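Before anything else, here's the structure in question.
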Amino acid sequence: MHHLEVKDLTSAYGQLSVLKGVNLRLSKGEVVALIGPSGSGKSTVLRVLMGLTPPTGGQVLIDGAPVNYRKAASVRAARDRMAIVFQQYNLFQNMDVLRNVTIAPVKIKRRPRREVEAEAERLLAKVGLAEKHHAYPDELSGGQQQRVAIARALALKPEILLLDEVTSALDPELVNEVLDTIRGLAAEGMTMLIVSHEMAFVREVASKVVMMDKGLVVEEGPPKRIFDNPQTDRAREFVGKILRH
Amino acid sequence: MNYTFQFGVALQQLPGLLQGAIVTFELGLLTFWGGALIGLLGASLKTFGGPVLRRFAGAYVIFFTNTPALIQIYFLYYGLPDFGIRWDSFTCTLIGLTLNAGAYLTEIMRAGFISAHRHEMEAAETLGMSLWQQIRFVIVPHIAKTIYPALANFFVVILVMGTSVGAVVGVNELTGQAINISTENYRWIEMFVVVAGIYVVLTLIASLSLALVGRWAFRVRVKIF
Amino acid sequence: MLIEILHQIPRFFSGGHLRLLFQAMGMTLALTAIGCVTGFLIAFLLVLLRRMPGIWALPFRLVSILYVEVFRRIPFLVVTYLVLFFIQAFVSDASLFTIAVVAICIYAVAYTAEIIRGGLESVARQQIEAATAMNFSRWQTLMRVILPQAWAVILPPAVAFMVGFIKDTALVSQVGVFELTFRGKELNNEGFSGVLVFGTIALLYFAMSYPLSRCGGWLERRLASPRSQRSHQRLRPT
């Protein structure tokens, strides 16, 4: 039984079909990377998983149990087990760093404040932001904000972590600090689904690479094979383009 | 409650009301253009004038935007006769509203002046345009496009709110006509409901036409809803 | 004529008259404050209702949209008269003060609703998505994420509207409420020069409106800078 399984997932926006039947499988502790050109639907997969965009067909299973995105309770239960980090960090601008990290566990998951704050301090130290507890998002750099976002996601103690192009909005010199954090999480055995453009990083961290194009999975396999020896034309074309520079 | 609604009676009076609507439009248009001229003058004084002129224009704006239009009209209507000047209610309303509008329009125009970038003028200059050409082809279109939404909205505001004030001193614009007719047929509620409806229709037409003109002439998107 | 006006001044500025005018100013401010604040609160409810998802909320959404679009396009004088006639048709002994407040309220709801809606929508959609992804309920997202940030966008124009309304209350003199303009008309009818009376009334309105509008400007500047916004929010835990 897979930790996370996606079967024939479709999602449409009016007439526009964004996902046309996506299939994914993640085992516990596996790090899977979703790559592909813009508009291929990679981010949409993550959004559908978190219940931010409604699916129009297909199935999502967590530990074999299907998620019913039409029932609020089912969606809530699914969200309880997953956490997402967005490209634009999406931190709450009216709260300081500590509050951003602790608010959901305390107010939504109803864990005791002391315990959550201690955990938050540990997580912030882990992402390298130990002294920034009372800073506000607009006082931080992009890389710092993204690391807060990661700490915020981790504070929810998710089983599965979804990362949506988390380095795309960052200045190049800030990308590495975020990648280091993710590297650490992978080493600790967190199940992760990563959408990324950072091919070198993907190659290093992912155990499986899934390439998408126009709403469908085009090819999947270990990074070595996908990058060095793509089987399908489309994958070959994409890899050729991205590896040229 | 023993009051039977008779809207038929009110609707019969439409011609009279529409006459009032015409006066409303007249008043609105005259007020707007008069106010715009004052606004242009005031904005120029405030932007390009010396300290004395700036203070003067500033005082004018501050005074007329912090006192009610009704009081300004009352001052003219009941105050000027003391000095032998007896203007009729339409004139007093027109002048009072124009002075009032001029103050607000000064600020709107001034915002437009400020928005004109020096860079645009410099670019135009390097292209070989004379000052007059710069003003005509670069500055004025830019300012006009910037302030058009505010101006369009202000016109509708004068139409709707400003002119109805005239009814208080007896001007036969839409509200005034409603009062006149109601005092005769005693159908106050129906008359005023119809009049409210006419105002909504009038302002919608005005907003829509101005939005269309804006879209066509300036390619400016003006919000109606 | 100027001489006659000068002669009137001592009589005009007698203690009795001054007290009357002072009370009338109080009435003007009371009308504005009560009417506009009540209107603001009702508008808030209306906007929240309008934002509710689901088919059952459709009639509310329609009503609130129609209400705002209609009452923003009717002059305040007409609204006041309508309120007067409607209330008197049902409750013949309703106080004029109540009628005026209701009229102000109805008008204020229509205008502040747009301000409030704009403020709530100004909060970035992305933050709301983050909250949703963390299982915040709609109410929690509203109270903990949207409102704390929307205030800064809502308050300055809302306050500006209320301060501006001080001038609009002059129109309720038409239904006989004892506010400043009404007293002015009274004094003018008693024979005092129009210049003297309405000049003074104008200055009294100015004395109420201008300082408050400066405060409004100060508030706007203070809310615009993020640092001050924060010290302002530290007093209220999220």
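Here the chain labels run A, B and C in written order, and each chain numbers its own residues starting at 1.
The definition used in the following text is that a residue touches a chain if its C-beta (ideal position, glycine included) is under 8 Å from a C-beta of that chain, and two chains touch if they have at least 3 such contacts.
Because the structure is a prediction, the values reported are computed rather than measured.
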What is the shape of the graph in which nodes denote protein chains and edges denote touching chain pairs (line, ring, star, complete, other)?
-> line
When the mean CA coordinate of each chain is compared with the mean CA coordinate of the whole protein, which chain is closest?
-> C
By number of C-beta pairs in contact, which two chains lead?
-> B-C
Inter-chain centre distance, chain B versus chain C - centres from mean C-alpha coordinates, in Å = 21
Between chain B and chain A, distance of the C-alpha-averaged centres to the nearest whole Å | 55
With chain centres defined as C-alpha means, what is the inter-centre distance between chain A and chain C in Å?
-> 47
Going by the contact rule at the top, pick out the chain C residues touching chain B in the complex.
-> 1, 4-5, 69-70, 73-79, 81-82, 85-86, 89-90, 167-168, 170-171, 173-174, 181, 184-185, 188, 193-195, 197-199, 201-202, 205-206, 209-210, 213
Tell me, which parts of chain C touch chain A in their complex?
-> 124, 126-127, 129-136, 140, 144-145, 148-149, 226, 230, 233, 238
Residue set of chain A touching chain C in the complex reads 50-52, 76, 79-80, 83-84, 86, 88, 90-95, 99, 103-104, 107-108, 136, 138, 156
Mind listing the chain B positions that touch chain C in their complex?
-> 1, 3, 62-63, 66-72, 74-75, 77-84, 160-161, 163-165, 167-168, 175, 178, 188-189, 192-193, 195-196, 199-200, 203-204, 225
